[in-house]
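Look at the two complexes coming up: chain A is in both, with chain B in one and chain C in the other.
For the complex of A and B:
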């Protein structure tokens, strides 16, 4: 079942000017409820424009965006509610931290939603737990945190709004492997605990292969592929033709195949390659 | 032969009034880099990689220890402004965010910015700009507006701007972190070409293990100290130590390690897809 559906959605940058560019071209997709969907595509393929459709930051010029079957633009005055239901973590969200303490920063979203004061602490602590923050960190200035911690504080600020859909644009960019691992474990825990719908935008095919259930591939403002990650990662050639990659482990399996080793399609994690090769090499 | 860069007992701490005891970001670090080397620097966020780069370029001044560039002690009090300029000319830096490094409205003007500031005669600037754009494969974009380029293209323009100053060494501080896979490949290929064809010494700070695997040598930093230093195949043998330091190994190296732990005899851990494929292939053919 789809939580969010885009129907014939088109969007133009600079509409009506001589510089008009079609950023989204007749998009038809569904974001499955309770799953993790990965959104991939090269720079400028329209990913960021698309995610801004999800929570009503941009209004489509053509087509409809349906959240639980309801057109989010049917009552434009209520679009703010959609932004609380669909939480968007933008790229480099740590630049948006501004409060005196981490606690206050995480509380900012729910307070703005009108959550009563009495409930705020519970929400902040719950969000802090999801991103693995110890209590004493909550009373520090967000500017005294490390890069990875700042990122997690910013994500906690969105989680505290308890969005039905959590959308993250490049949540691990610029972090070291441990920092990436921590962020992704947090997201997985959050998704599993509440059965929430999650959308992740990333350039790292290795991370996407590990985390996501479904993959949507964008190219030049259109949906190139959409489906189960097995289906998508078996199509290495199509992915490379639009400036994307497959995970390094898949590249290794493809190379082995070229060199005449019999290998099945659809191996995209180290675990899968290990399971296959350990028997073959025995 | 004297090393191009020699660092002895380098220590540096950021001034932080809130912290009574100074925490050393760089703690007694020593190493040498020869002219023409291609060295990757790995380390977790906050391990001191970027601080080290800024010290080499005299953006920061160390608390103690010495840095010799081309035999000259750059931490010496007798360094004049001209001497410092000379160091910055010979060691260029390319940063993470391409949007923060481009200043002009036309690509070739941007590349000319550095040499113009060095007071190079205009005819020579022309030649340097053309050559620099050619080196990074961006000649056809000479008259484009930088802000309309892709991330990888912008980053290559930033690199051209450094090459035009004819440095002997370039430090790349996570220069591929914000790029998509194609952009990363473009920039990596440019970096490798500058090193192999032009003989420019490269120090490349990165969080991507597969990129580090392409260097000739890797220095691993942890909490301000160097914990490993050697060729990639040696570095990535130390998977558990790397993981303790918040790092990892390339996926194909991890696969080989796991197969070996499982009792499958592979002679060594490869660091590239090709090496690992050949090793697995060799095992299969020898078995038959």
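For the complex of A and C:
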């Protein structure tokens, strides 16, 4: 079942000016409920524009965006409610921190929603736990944190709004491997704990393979492929044709297949490859 | 957010675009002087004509010019209303209760409008539309360089201006980004009282200032790493040479100024 559906959505940057560019071209997708969906595409393929469609930050020029079957733009005055239901963590979200303490910053979203004061603390602490934030850090200034901590504080700021869908635009960009690992583990735990719908934008195939159930591939403002992760990763030629790649371990398995080793499709993590080869070599 | 700059460079290849920026700064100053030399109908006519000629020569589309005039529209309307209603003279055109409109008032209103409009057209055509900001700051540095003798840090001022200009688009883009991020957290910029709306700007301004300060210190480090140490002994990549053709517009504007002075001496037409 799809939680969020985009029907024939098109969007133009600089509409009506001589510099008009078609950013999204007739997009038809569904975001399945309770799963992690990965959105992959090259720089400039329209991923960030697309995620801003999800929570009504941008209004499509053509087509409709349906949340639980309701057109989000049917009541433009209530678009703020949609932004609370679909929590979007922007690229490099640490830029959005501004409060005196991390606690207050995480509380900013819920306060805007009109959550009663008594419930704020519970929500902030819950969100902080999800992103693995130590309690004593909550009372520090967000500007004294490290890059990875800032990132997690910003993500917690969205989680505290308890969105029905959590959308993360490149959540691990510019972080070191440990920071990446922590962020992705946190997201996985968050999703598993509540069975939430999550959308992650990235161009790292390895991360996508590990985290996501479904994959949507974008290229030049269009949907190139969308579906189960197995379906998508078996079509390595199509992915390479748009400058993307299957995970490195899948490339290795494909090479082995060419060399005559019997390998199944659909191996895209090192653990899976290890298990398979171990059994095979036994 | 995109219309922040008052005047903007309009890329083209007109004679004025190719004129040396130092000459263009002098031209702009002369043109301002000219607009204040005007005192009668004929001289204001000349001024208006010269402004139109400038637009034609610079090949800047009228739409861009009018776009640049829009911010001063209210000032124009208010000053001309003041001039129409509060100027007294000899020839009464219209009278109703306390309202008296004299021919002199209409004239001075028209003169005021012509003066302000040509002033803006003149300076923006010479400076912003046909000269890139970088050329402009270089030219200012050159023109002010005699002040170095009395220890005015001319180069440093020019460098500060260049950097400020360079970062305007970056800051605009960043403001957009932060605004979108805060909107996603439910900030509402478009409704509520004036105070709530002003408060909604805090989550934009604080991150913007923080990142501007960070960027400034990073830029300073990067410049020091490349051994920047101020203007002493620093050469330019592009060295400008004033050519003979650059003097032609200068001569033309000087002729205009002389004509205006002569017209003032003759005291013909309607004078203010």
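Basically, the second predicted complex is superposed on the first by the 282 of 282 C-alpha atoms of A that agree within 3 Å, B and C clash if a C-alpha of one lies under 4 Å from a C-alpha of the other, contacts with A are read in each partner's own complex, and residues count from 1 in each chain.
Note that in this section contacts are C-beta pairs under 8 Å (C-beta built on N, C-alpha and C of every residue); 3 or more make two chains touch, one makes a residue touch a chain.
Keep in mind that what you see is a predicted model, and the values were worked out from it rather than measured.
Chemist: Superpose on chain A as described above, then tell me if chain B and chain C fit or clash.
Modeler: They fit: once the shared chain is superposed, the two partners occupy separate space.
Chemist: Report for A:96: first if it touches chain B alone, second if chain C alone, otherwise both or neither.
Modeler: Once the two structures are laid over each other on A, A:96 reaches chain C alone.
Chemist: Can A:109 be said to touch chain B (first), chain C (second), both, or neither?
Modeler: In the superposition, A:109 contacts chain C only.
Chemist: Figure out whether A:60 sits in contact with chain B (first) or chain C (second), or with both, or with neither.
Modeler: Touch status of A:60: no partner.
Chemist: In the overlay, answer first, second, both or neither for which of chain B and chain C A:83 touches.
Modeler: second
Chemist: For A:143, is the partner it touches chain B (first), chain C (second), both, or none of the two (neither)?
Modeler: It touches chain C, and chain B stays clear.
Chemist: State whether A:252 touches chain B only (first), chain C only (second), both chains, or neither.
Modeler: Touch status of A:252: first partner only.
Chemist: At the CA centre of chain A, how far apart in angle are the CA centres of chain B and chain C, to the nearest 10 degrees?
Modeler: Angle at the centre of chain A: 70 degrees.
Chemist: Please work out how little space separates the C-alpha atoms of chain B and chain C at their nearest point after superposition, in whole Å.
Modeler: The answer for the closest chain B-chain C C-alpha pair is 5 Å.
Chemist: List the residues on chain A that touch chain B in their complex, please.
Modeler: Going through chain A, the ones touching chain B are 42-44, 144, 146-148, 173-179, 203, 205-206, 243-245, 247-249, 251-252, 255-256, 259, 261, 270, 273-274, 277-278, 280-282.
Chemist: Enumerate the contact residues on chain A facing chain C in the complex.
Modeler: Checking each residue of chain A against chain C gives 52, 55, 57, 80, 83-84, 87-90, 93, 95-98, 108-109, 112-113, 143, 157-158, 161.
Chemist: Hey, which residues of chain B end up touching chain A in the complex?
Modeler: Touch list, chain B to chain A: 18, 43-46, 96, 150-152, 174, 177-183, 207, 209-210, 246-248, 250-252, 254-255, 258-259, 262, 264, 273-274, 276-277, 280-281, 283-284, 287.
Chemist: Would you tell me which residues of chain C are touching chain A in their complex?
Modeler: Of all residues in chain C, those touching chain A are 174, 177-178, 180-188, 202-203, 206-207, 210-211.
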